[in-house]
Amino acid sequence: MRVEVHDTPFHPWKALQQYENDVIAREYPGKYGASAVFVGTMRDFNEGDEITGMTLEHYPGMTEKELANIVGEARQRWQLLEELLLHRVGDLAPNDPIVLVAVWSAHRKDAFEACRYIMEALKSRAPFWKKEQLDEGYRWVEKNTDGY
Amino acid sequence: MRVEVHDTPFHPWKALQQYENDVIAREYPGKYGASAVFVGTMRDFNEGDEITGMTLEHYPGMTEKELANIVGEARQRWQLLEELLLHRVGDLAPNDPIVLVAVWSAHRKDAFEACRYIMEALKSRAPFWKKEQLDEGYRWVEKNTDGY
Amino acid sequence: MTVRVKFFASLKEQMGCDGATVEIGEVATAADVWLAASGGKALPNNVLVAVNMEYCDPNQEVSSGDEVAFFPPVTGG
Amino acid sequence: MTVRVKFFASLKEQMGCDGATVEIGEVATAADVWLAASGGKALPNNVLVAVNMEYCDPNQEVSSGDEVAFFPPVTGG
């Protein structure tokens, strides 16, 4: 399991390439039949308004702990080999990656379900807060929508 | 939509990086909030046996058509911006990527569900056949397992 | 009429060839084409049928020049 | 006893500070800590509470030296 909070931009596909080379292919050669990945990216619109920028705040310490709890729950529930979870904080621009959730498993059912579970749990429990920059002023996002 | 059958190895994360640079970021800047990806990789075991190699046969023409049908159905059912589907044929070694399914959407529910739908439909309908190389001789895989 | 027959994967190995050109009467189903191409063996239950690269029922009628494919359950992905 | 209080996001802006050190009686819940830190305002329904970086009920008792955090619904991902 690798869980990281980044205060500068990360590159999801490069991070996956590197993690697979460094960890997955080395530690689980021939065992990982299925990888499921989700990448969340900053949009330039939300609730009908144009968004020009975003600031992501978090609770250092608790955020990492809660993310690790969530991945741990997924490990209890599904058969997983490895997980990679990256989340951005700080000032973002449209098209910046916000979150990467990747899981590796022998079988696709475990990979799909665990990836989605981690993402939904993160959305409802991990202490991050989005402040959206509008043309005039800013606003805090009040609530994440349900993803199921 | 891009659908390709490859008779030589492809690199899933590099292909995603390139497709996102060339197509997604260019055509949908600020619009893709969610990408869901599945990568299937050749394992060195199946049904309790060690597998040393694999040959993937397909039905040229029909395979591509059926894959495009499946992606088209997903487009009808969910709100998607773009899809990338790569599938390997020919002679594979353990750890070789077999299939990549990637979808981009504004919202995560559409991305997750469409990606899984495409993958399951491909498993049950796209004309590919796996022949597994065992220590002694080979065998045709008889049936894909259900992924839901 | 003449139709083009194709076999894939394990079925290709069982039939000993990847296809054939079959001469058959003017009104024929995909199952009739199988009978003609296989020398009278019944179409196995789990064999899939496609006419002109689209899945179809074995009872679907075929036309002259059609490509009629038979193959085992698919196992891609 | 002394506990450390933290506020985040919109709540931090509303409170005008990101936290405080609060002196409170020996038996106190997280909700009591809120009352002391907010100058007597009731704890809003949608405010989440964590003690020592774990979610908890506002009625959970706190201990000396605890870190008690209050924040609005989370919106990451």
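By written order: A, B, C and D. Residues from 1 in each chain.
The definition used in the following text is that a residue touches a chain if its C-beta (ideal position, glycine included) is under 8 Å from a C-beta of that chain, and two chains touch if they have at least 3 such contacts.
Note that the structure is predicted; figures quoted are calculated from it, not measured.
Touch-path distance (fewest steps) from subunit A to subunit C is 2. Centre to centre, using the average C-alpha position, subunit C and subunit D are separated by 72 Å. Inter-chain spacing, taken between the CA centroids of subunit A and subunit D, is 27 Å.
Per-chain CA centroids place subunit A at a distance of 22 Å from subunit B.
Of all residues in subunit B, those touching 2 or more other chains are 40, 108, 119, listed in ascending order. In subunit D, 77 are the positions where the chain touches two or more neighbouring chains simultaneously. Listed by chain label, the pairs that touch are A-B, A-D, B-C.
Contact residues of subunit A toward subunit D in the complex are 40, 56-59, 61-62, 65-66, 87, 98-99, 119, 122-131, 140-144. Those residues of subunit A whose C-beta lies close enough to touch subunit B in the complex are 11, 13-14, 16-17, 20, 25, 29-45, 94-95, 106, 108-109, 111-112, 115-116, 119, 145, 147-148. Per the touch definition, subunit D reaches subunit A in the complex via residues 6, 8-10, 50, 53-55, 69, 71-77.
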